[in-house]
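In the two complexes that follow, chain A is the common piece, with chain B as its partner first and chain C second.
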Partner chain A sequence: MLKTMIRSTFGALLALLATAAGTAAQDRLAERLDSTTLRAVEALLDRATADGIAAGPLRNKALEGAGKGAAGPAIVHAVEGLYLRMDAAKRALGGKATPDEQVAGAALLDFGVDTVALATLREAAADRSTTSALVGLAFLVQRGVPASRSVPLVRRMLEARATEADFATFQKLVDEDVRAGLPAAGAADARGRAIIRHGASLRSREQPEA
Partner chain B sequence: MNHSTSHGARTERGRMRAPYSRTARRAMLAASLGLYAGPAALAAQFAQPERPTLRDPLAAFLRDARLEMVPTFGMAAGNTEFALSGILSLQSDLRRDTRWTARMAALAVRSPAHTFAGAEIALAGAHRHGPLQSRLEAAVHAGTGSGASPAFSITAASGAGNVTLQFRSTWLQAAPTRNANHPAAPGGADVADPLNEDPFQSRYDEAELTALHRFGRFEASGNAGLRFGEAGESSPPWAALQLAAPVRGNLDVYVAGGSRPERPEIGQRAGSFVMLGLRLRPARSASLGGIAAPAPLPPPEPFATYRLREDAWVLAIHAPDARLVEIASDFTDWESVPLEAAPGEHGIWRETFVIRPGLHHVAIRIDGGEWRAPPGLPAVSDGFGGEVGLLELR
Partner chain C sequence: MSLPVDESGLPAGVVDELRRLPAVDPAARDRLRVALAGQHRPRGTIVLSPLQAALAACALVVATSLVWIAGTSGDRVSAHRDAAMAARDGVPVIIGAGLTPVQFVLVAPEARSVALVGDFNAWTPDASLLTRGEGGVWSIVVPLTQGTFAYSFIVDGAEWRADPRATFTTDDFGRPSSLLYVSPET
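This part shows the complex of A and B:
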């Protein structure tokens, strides 16, 4: 009896907290958006929740638009666009894709990377998170490394069991190389090979080929 | 570090009469160390960028130990003087914008007039709040040699940038000497030694304004102050200037001159002085009893993040030509937040945020321009004609 009461109370408290958090977020939207935009955004949020798409990033996109002074229709358009890309990323990455994976996958789709590439990386990562790899891939693509070259590299890194820290280091070092004037593709190949070869202990600083 | 002696200590022709009593010694020590309580030290409190703190408070406190050796040689009121001081300071950034410092100093002074050796232990807390910096310090002074006597002082300082105003109260165990140059003192150089004959309150209060300016490799500092109450009657206002320049490595040279206040606890008499000194920093952290050395600071990155605590991250942007740097992100509810210019670090702007681990969209704006992705991050379209950066924090 007592245990049941405790469980019930605990569950009620959790529900109350979740409701409060969601209510707070909704309140922020209501404060920032006009009624028409708010209704449209809320409809998208409901649709996303029903489809298993994380609503948080969509809500944040609406807040971002409000913060940047975008018009209501532009905000709705941006939220809807993100929702569609997240939905496509979720399908490619599998039903268990986390919100961060959905967001990272949506960014890659926006860069022109196709869903086949996302599925390839999901397979290479097996049961591990692909967020860091997707962000690393986005970093390469955005710096002009073609997807045809960067996707296989990231896949090999995943197959070599590169960790989140490895991808963070990889991104940092490639960025340094690019700022030093080296071509992004060569820098990515060299740094990626080092991680694949040496794993987490990235000791060598191979000079990428020109 | 300046130490002065004065002909005023010669109370009888050809013979020194308690030239530097215990109070005189203390005054010298406090004056010497007071230089480190000036703007340079206060600004230096926050010259170091914030680093990740350690969970162990003691380890955090010992993380950054510094040793300085300061020999000086000069002239003051016609007397030559050589002094050597060593200062060991330990500091800790246990909280953002708050720094605790423990300082232990030793001082040795030799001149034709006297020989003195003293020590000081001080504990100070400094806090930065916006553009203002404040510090509270308590110090205990002691010494050997003629006239040495314990003293206790409390200093409260506040400043902005490189200008600092400080107030100090010093309690002396022994009665201070009276300035033999005091106009009320009869006979000038022939006046009887006032120590123990004309004792006044065993405490003095003073205010001092200090300023620091760096130009190129040089550093110029100045200080001016005055005493309050009865102590103020025996010590005229003072002003001094110091110019320092690096020589090589850990060696700086400086020259100082001006007028000095009377500091009874180390026997410094009011008067003019000129000093030449060296500042050596032979050791830091790693060579001090095995205390772990902090990692050397890397050159400024365009955009850097590092964890301050469990869920607190410092975001730093290098924008040397900016007047205003703002950041907006999902962790700010997309409200623009201005970053603070890091004191003592030209071009670094930073702020601390509570951020959950994971993936975030971040944008920065410089001088009210367009929102864009921070350098070094993958930049994705924001859907509003601009871009945002993808930042992953683990």
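This part shows the complex of A and C:
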């Protein structure tokens, strides 16, 4: 009886706080968007929630558009585009893809990495989060490392059980190498191999292994 | 004569039958959408049992107190609280609990002002202004929850710049942005 009361209290408290926060975020949308755009965005948010797509990033995309002074139709188009990419990423990464994985996967799809690659990385990660790996992969692709090279590299790192901290270190080291004049693909290969072998104990002063 | 039983003590095959999942109806999604279209429940409605309703009244007092305490901590902290709340999908945050300080840096010797805008401050230009350091290195530290955040810099109130050291996001509005992931391991 006591456990039930405690659980009920905790659940009610969380529900109230979550409703307050969600209402606050919704109020911000209402302040920044005209009524037509707001209705269209809210319909997309409702559809996303029903389909298991995280609504927060979609709401943030609408606020981003408002902050950048975009017109209503452009905002709706952007939110819809993100919804479709997140939906495709969620299907490729599996039904239990977290909101962060949906966002990171959506970014990759927009930069030319396909859903087969996402599914491959999901398999390599097993039950671990893929978010850091996906963000790191997007970083490589944007720096000019072709997906045909960067996807297998990231897959091998996941298979070697590289952690989220490993991927954060990897991205930082590759960025430093590129700024020092090394080609991105070569830096990624070298740093990736080292991470697989040694994990995050590498320090930035170390030169990439041959 | 008695039926053969398995290790569960039940007749053989009964457990397997119980464990077999029902087939998913492919038309379920369409029925759900139709059902949602017909729903007119006001946004934010919560259904509670009588016991939960009584406890919710007590919880409301506690929640109000917490929000009041957080709200009296100053404009900058309040902005960060609002920003952290905006960044998550309806999950509230109390300053100091589960936040990671993240430093944002932009080298812009020619700039007179640099603002940081992003998912964590509802893309509000004056919420997070960077401080200029030696050599035109602008920086700010922002407490963030775990998660993914799109962000950008605004130089001199007009020029939008992505973070050159971070992953870029989709440029939907002709103004570049970057993507940050704060992991639970950070």
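Some observations on this one:
Note that in this section the second predicted complex is superposed on the first by the 191 of 210 C-alpha atoms of A that agree within 3 Å, B and C clash if a C-alpha of one lies under 4 Å from a C-alpha of the other, contacts with A are read in each partner's own complex, and residues count from 1 in each chain.
In this section, a residue touches a chain if its C-beta (ideal position, glycine included) is under 8 Å from a C-beta of that chain, and two chains touch if they have at least 3 such contacts.
Just so we're clear, the structure is a prediction, and the values are computed from it rather than from any experiment.
Aligning the shared chain A places chain B and chain C in steric conflict. When the two complexes are overlaid on their common chain A, residue A:Thr37 makes contact with neither chain B nor chain C. When the two complexes are overlaid on their common chain A, residue A:Asp46 makes contact with chain C while staying clear of chain B. By the touch criterion defined above, A:Ala55 lies against chain C but remains apart from chain B after alignment on the C-alpha atoms of chain A.
When both complexes are overlaid on chain A, the residue A:Ala168 reaches chain B and chain C alike.
When the shared chain is aligned, chain B and chain C each come close enough to touch A:Ala107.
Taking chain A as the reference, the larger set of touched residues comes from C, when chain B and chain C are compared. In the superposed pair of complexes, A:Ser132 makes contact with chain B and with chain C alike. Of 62-70, 170-178 or 332-340, the chain B stretch that intrudes into chain C once chain A is superposed is 332-340 (criterion: clashing C-alpha atoms).
In the superposition on chain A, the residues of chain A contacted by chain B and by chain C overlap at 28, 57, 60-61, 63-68, 70, 74, 77-78, 81-82, 99-100, 103-104, 107, 110, 131-132, 135, 138-139, 142, 164-165, 168, 171, 175. Chain A meets chain B in the complex at residues 28, 57, 60-61, 63-68, 70, 74-75, 77-79, 81-82, 99-100, 103-104, 107, 110-111, 131-132, 135, 138-139, 141-142, 164-165, 168, 171-172, 175, 179.
Chain C contributes residues 29, 32-33, 36, 43-44, 46, 48-49, 51-52, 55-56, 58-60, 62-63, 66-67, 82, 85-92, 117, 119, 122-125, 147-148, 150, 160, 165-170, 172-175, 177, 179, 181, 183-186 to its touches with chain A in the complex.
Those residues of chain A that touch chain C in the shared complex are 5, 8-9, 11-13, 15-26, 28, 32, 46-47, 50-51, 54-57, 59-61, 63-70, 74, 77-78, 81-82, 85, 99-100, 103-104, 106-107, 110, 129, 131-132, 135-136, 138-139, 142, 163-165, 168, 171, 175.
Only residues 302, 328, 330, 333-336, 358-359, 361, 363, 371, 376-384, 386, 388, 390, 392, 394 of chain B touch chain A when the two sit together in their complex.
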